[in-house]
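Heads up, the next two complexes both have chain A, just with different partners, chain B and then chain C.
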Partner chain A sequence: MSTLDDKAKGVMDDDAAHAEGGEDTGAGGFIILFFIIGFAASMVLGWVVFPQFLYSQKQQPFSFNHALHVGEVGDGCESCHFFREDGSFSGIPKLAQCTECHEEPMGETEDEAIFVEQYVTRDREVPWLSYSRQPDCVFFSHVAHVVGAKMDCVTCHGHIGESESSRPYEYNRVTGYSRDIWGKNIAGFKRNSWDRMKMDDCAQCHKEAGIIHTSSVQTERDACFVCHK
Partner chain B sequence: MKVDRRSFLSFVIGGAAGTALSPLPWKLIDDSSIWSQMWPWTPVPPDGEVVYEDSTCSLCPGGCGISVRKVDNRAVKIEGKKGHPVNDGGICILGLSGLQLLYGPTRIKTPMKRIGERGEGKWRKISWDEATAILTEKLTDIRNRGEAHTVAAIAESDSGTVPALLQRFMTAYGSPNFIRTSSQVDADELAVKTLFGATGRAGFDLENADYVLSFGAGLVDGWGSPVRMFRAGSLWKEKNVAVVQVEPRLSNSAAKATRWVPINPGTEADLALGIAAVLVSQNMVDTGGVSGFGSWKSDLLSNYPTQKVSQTTGVAADVIVDLAKGFAKADRPLALCGRGKGLVAGSLRETAAVYALNALAGNINRTGGMWAVPESDYIQWPKAATDKLASAGLRQPRIDGAGAGRYADSRYLPNRLADGVNGEGPYPLQVLLVAGANPCHDLPDSKNVRAAFARIPFIVSFSSFNDETSAMADLLLPDHVYLERYEDVPVGAGLARQVIGLSRPVVSAQFNTRHLGETVIAAARAMGGSIADAFPWPDYETCLEETLGEKWDTLMETGVWVENDIDPVADTVRLAGMDAPAIQAEGDVDRFPLLLVPYDSIRISGGTIGDPPFMIKTVADTVIKGKDGFVEVNPQTASAAGLTEGDMATLSTPRGEVRVRIHLFEGIKPGVAAMARGLGHTAYDGYLAEKGVNVNELIGPVEDPSSGHDAAWGIRAKLAKA
Partner chain C sequence: MKHEQQHNPPMKYGMAIDLDKCTGCGACMVACMSENNIPFREDESDKLVSISWMSVFKLTNGKAFPDTEICYLPRPCQHCEGHGGHSPCVSVCPATATDYSAETGIVSQIYTRCFGCRYCMGACPYHARYFNWWDPVWPEGMEKYLSPNVSPRMRGVVEKCSFCFHRYQLAKNKAYLNDERTVPEAAYQTACTQACPAGAIVFGDLNNPAHQVHQIVKPDPRKGNKSRNPRAFRLLERLGTNPKVYYLSSREWVRRAGDNYLAHEKTGQVSNVHH
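== the complex of A and B ==
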């Protein structure tokens, strides 16, 4: 028995001696250093490298100058992005709409040449990439917001009407959806109302505007199926 | 620096803490949940402008108005057109599935020429110019040899401008062989001609009838204009109209009727005449609208005493009397006939007997009664001039024998085509043009039909689909499907008014197909001479517009032209045509103790068009299961043969033998077996091909002695455990 006790005591003394010794303080520092290295590396990975990997880019078929067109048309955004008679929203214009003016090339830019040669003369729709396309499970009515609530296009789409060229279309490699839905900021922070278009953003705006529907009897709030048909 | 275990752990913990404070895990969780909610491979219908385009459905003779919902240029749904005089917003399952025919994989996408063995399915794509040249060179060559009559054409209809153009082509070319596929229309036309002494068809004012006596007509199984029938059925329920269904099998129509009278198969005419005899003997008839009643009456009373009729039909004597009284007491009784969907011509005896019942009830050309409706006469083209070669060809007898000798009363006898080609006809056939018909599946005695087709050196199919007949063709000249083309659709289908619908292109042609009307006009023009002269129109649309004249504007505006004010072909019914012998089922009673009868279902397309995938999915697994087809028998019949539900059995008839599964059904008489019609396709797509059995493999045509029409209602059969 005594032999075992002695051995145990010896080990404990040994440990205590190490802890108090000068060279052991360095080991503690290393531990903290490694913690910091691990922490920093993962932060860089999560904040910088991961977003680079998560999103991929595509270029639009050719660059579109919104600012120029808004200056030419009489009715602002709705000149091209109009509401149909049944209240549905036309979204990105179809070729037929563009050719109302662009039967012949207008202007001498390279983009105009691509448009006319590749699409107008071949009667092919332009495969525009939509920055604002919500997933298919989301039902969103433009007319309820723009005509009903008299909201401005800028509130959700930002100042795209003032852009002079088309920025690259970024999409999420996992979901396939546009980066504009989650927002440019990887943390999900937003400075402007149009920076992000997730469900929380819908809810936030509805809450701020005091628009609480009570289509669900249980929750006395909006029911899921109002937006998720 | 020593990286020990603790440092490593510390690094990992630091990494974990950093990761937790970075967006990586949270964003990945969110993204993967979005990904899993909307799998990228789930098809998302493209968004776009929604428009409705109105047209007319021509998948069956019903003539329903349709509204096709489109998103941009893609048709996404077919709905019934509200306010349409035929279907008023309703639609049947076939009409609803029409888009699968338009966009489905069974389309023939371009003209093609056979390069492999016949039926092997090896084709070479050719241009329309080459296709027209092949056709016209072949036809010109035959005609120049003085053999124009050896060309035949078979089409689903003979009314409307497209069949009329084909008919005109045959006349100008010099062939008497334009053949319309068989249906109840054949017996109806003949019965109207026999009873009323004029050309026309019977129309039934079903909506105003207050007692309906149906001799096997599948009221809700696709008879007449199917959607109109559903609506009439609902109306009868609302108004408590008595509906009596006389049929050997408890069909959906029988189940929906207020009374089902099971009858021995093939004895419907006897029951109708038996009921007539009761009416006459009890003085319950209105003879104001009939002629020849005196002599007919004594024949009727001596030949159809109630007891004898009861024995023949298997219907109890008191039931016969009861039916007669019900029919007589009603204000506006109506008797109908044509088995199931009316896909077989049927006998004159039966049709005339049922129409005579209507006459005796005094309901001819009255509200709620039977109308003698004239044929539509809007196609007023000058007669096609025929040159010497054509006149010589037209003087030749028809390959099917119709219109001459013992078949003098018939117009078309497709049931005799196969025999005609197989050596019984007056000459061998060199070319067969097939338009809107699928004889290789739909004609009775498939084996004989296949043998006939193998003998015809050159077969041209205008079908839009890979059906059994186009598989046997040498040249494919695919027509647009109905949603891609203009066409007038004159509607018969038992309507008590004249209706013409207009089919309009809902979408542009999806493939390199061409309107049959255009193909005929182009071929005629390419052949020159009197044939080209007979076709003065530059294109089909001009032909259609000119032909419809003042109706064109109405049709373009509303999609349908209706004449409610019917001027009947005659008012008096001459009682005749009922003395022919009854049609017996083929086969020896000792060798084949059972009777096999085909039945129709609204879920199985019985005509030229095969079931689209949506529709075949609705067929119960007591009709087809996997690839196996079923035969329905009474449990008594099954147990006598040692069979139980689901057993595999061999069903043989004098015409063929197949393997089927057994479905036990109390709603069928012992000794009778029933099988669904319209299955057992070998062509079309994987959804339809090889499923079930084609009942035409088992049944042969039985000629009606008075006309030559196919009047087969069944065949003798034998069941044995497989």
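== the complex of A and C ==
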């Protein structure tokens, strides 16, 4: 019983000290310090470390110099990324388009050597990793935007035509989607129209351009079935 | 400046299925399965859990030989318009996963929005909607044969016939390339229409007098789009679901099978819809 009494007395003493506002400023300072350290650590963990875990990287089969090619071809992006006769978009070129020029090595770079040795002579398609591949449920019509709305490739794809080498392909470990869809900024902020490719970005641009469909009976806005499949 | 995009006059895609031509061969079902990446199971005999967007039903007049007659009835989604696009399934969907498009008249189903409550299945009087009880399992190597234009469904969502909407999207792509805004009749046809060897299915825009389906059906907008063709009827027409799939038959017992007629009631008479 005596020990319990002692403890009770100690608590009462502490209370008394608090009430007087005496010597506890040091302890309070530590609490604030630890809070700041913990806060900073969780911020670093959330904003810097977590994205490293969330995204995995792959290298392209070999580095591609867009800037060099745009200078050589006559028709800009559409020289290689063209529309087929049925209105579909060809996307990343097949080997057949490349070999129209690259039957033999056309330069002395290491990448050119890989390309010719590994793919052209063996007649294998290059397994390019597509940075802007949308999820499977999305239907995107290139022709409606490029031919119909006369939009520029840069608006969505950025200045990829000026790149001199292929950056690593980053993809979300959980969803498998390319990081270009969510955007580089983990918080989702964007400065340029090509920073992200989420549905919100489609909607934002459509709103700014004043293109409003009212075909949906449920929402009296855009019907889902226009861009989803 | 805000403006509503200039649209063509609203279309209303629909079908006319001639039951006197249908032989019940099932080619439409097969074409639909492969076109739309419809999952199947090892045992497809349990029709409560198997999925078939297009189903062929067998009807009989119930008479003894030699008066026995049978008729095959292919049943896709009826793409009901209801009143102002409020089809039974669209009205009950709490997730905006199914919707009626005023532009095409197609009842859509967005699998990534659907959370599988199955209200729509309860609401649909035609049993045209199916629930995915399992994730699709394709035989080895078959994934490479799936259509890239149709998104395969996951477990826990409802799916149904879309009038091959992806074909409309592709046809619109081609129209854009040619600087056109309308899709020609021949450019957008469903897989079942093209597969039918008897030519029993006619597909097109019911609003467009140039389209064959309009000429066959001749819908009467003052009578809830009832067909002016005496051979034509719709399934459960008196419910007021206002479907866009019309059936044709010269046989009275077949037309009678399209609705729950009482003994004294005559076919082809649509009672006034209360609304």
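One rule holds in what follows: the second predicted complex is superposed on the first by the 211 of 229 C-alpha atoms of A that agree within 3 Å, B and C clash if a C-alpha of one lies under 4 Å from a C-alpha of the other, contacts with A are read in each partner's own complex, and residues count from 1 in each chain.
Keep this in mind: a contact is a pair of C-beta atoms (placed from the backbone, for glycine too) under 8 Å apart; a residue touches a chain by one contact, two chains touch by 3 or more.
In this text, all values refer to a predicted model and were calculated from it rather than measured experimentally.
When the two structures are aligned on the shared chain, A:Cys205 is found in touch with neither chain B nor chain C. By the document's definition of touching, both partners, chain B and chain C, reach A:Cys137.
In the superposed pair of complexes, A:Cys98 makes contact with neither chain B nor chain C.
Touch criterion met: A:His213 reaches chain C, while chain B stays clear of it. Of the two partner chains, chain B is the only one touched by A:Trp47; chain C is not.
Contacts of A:Ile37 after superposition: chain B is touched, whereas chain C is not reached.
Once chain A of one complex is fitted onto chain A of the other, the partner contacts of A:Phe225 are limited to chain C, with no touch recorded for chain B. In the superposition on chain A, contact of A:Met151 is made with neither chain B nor chain C. After overlaying the two complexes on the shared chain, residue contacts for A:Gly87 are found with chain C alone; chain B is out of touch.
Once the two complexes are overlaid on chain A, the chain A residues touched by chain B in the first and by chain C in the second are 86, 88, 136-137. Listing the residues of chain A that touch chain B in their complex gives 27, 30-43, 45-47, 50-51, 54, 84, 86, 88, 90-91, 94, 135-137, 172, 174-177, 182, 186-188.
The part of chain C that touches chain A in the complex is made up of residues 1-5, 7, 84-86, 90, 93, 96-97, 99-104, 106, 108, 110-113, 149-152, 162, 165-166, 169-170, 172-179.
The part of chain B that touches chain A in the complex is made up of residues 1-4, 6-8, 10-19, 21-24, 27-28, 30-32, 34-35, 37-38, 40, 42, 44, 47, 49-50, 72.
Chain A makes touch with chain C in their complex at residues 83, 85-88, 136-137, 139, 141, 143-144, 147-148, 210-219, 223-225, 228-229.
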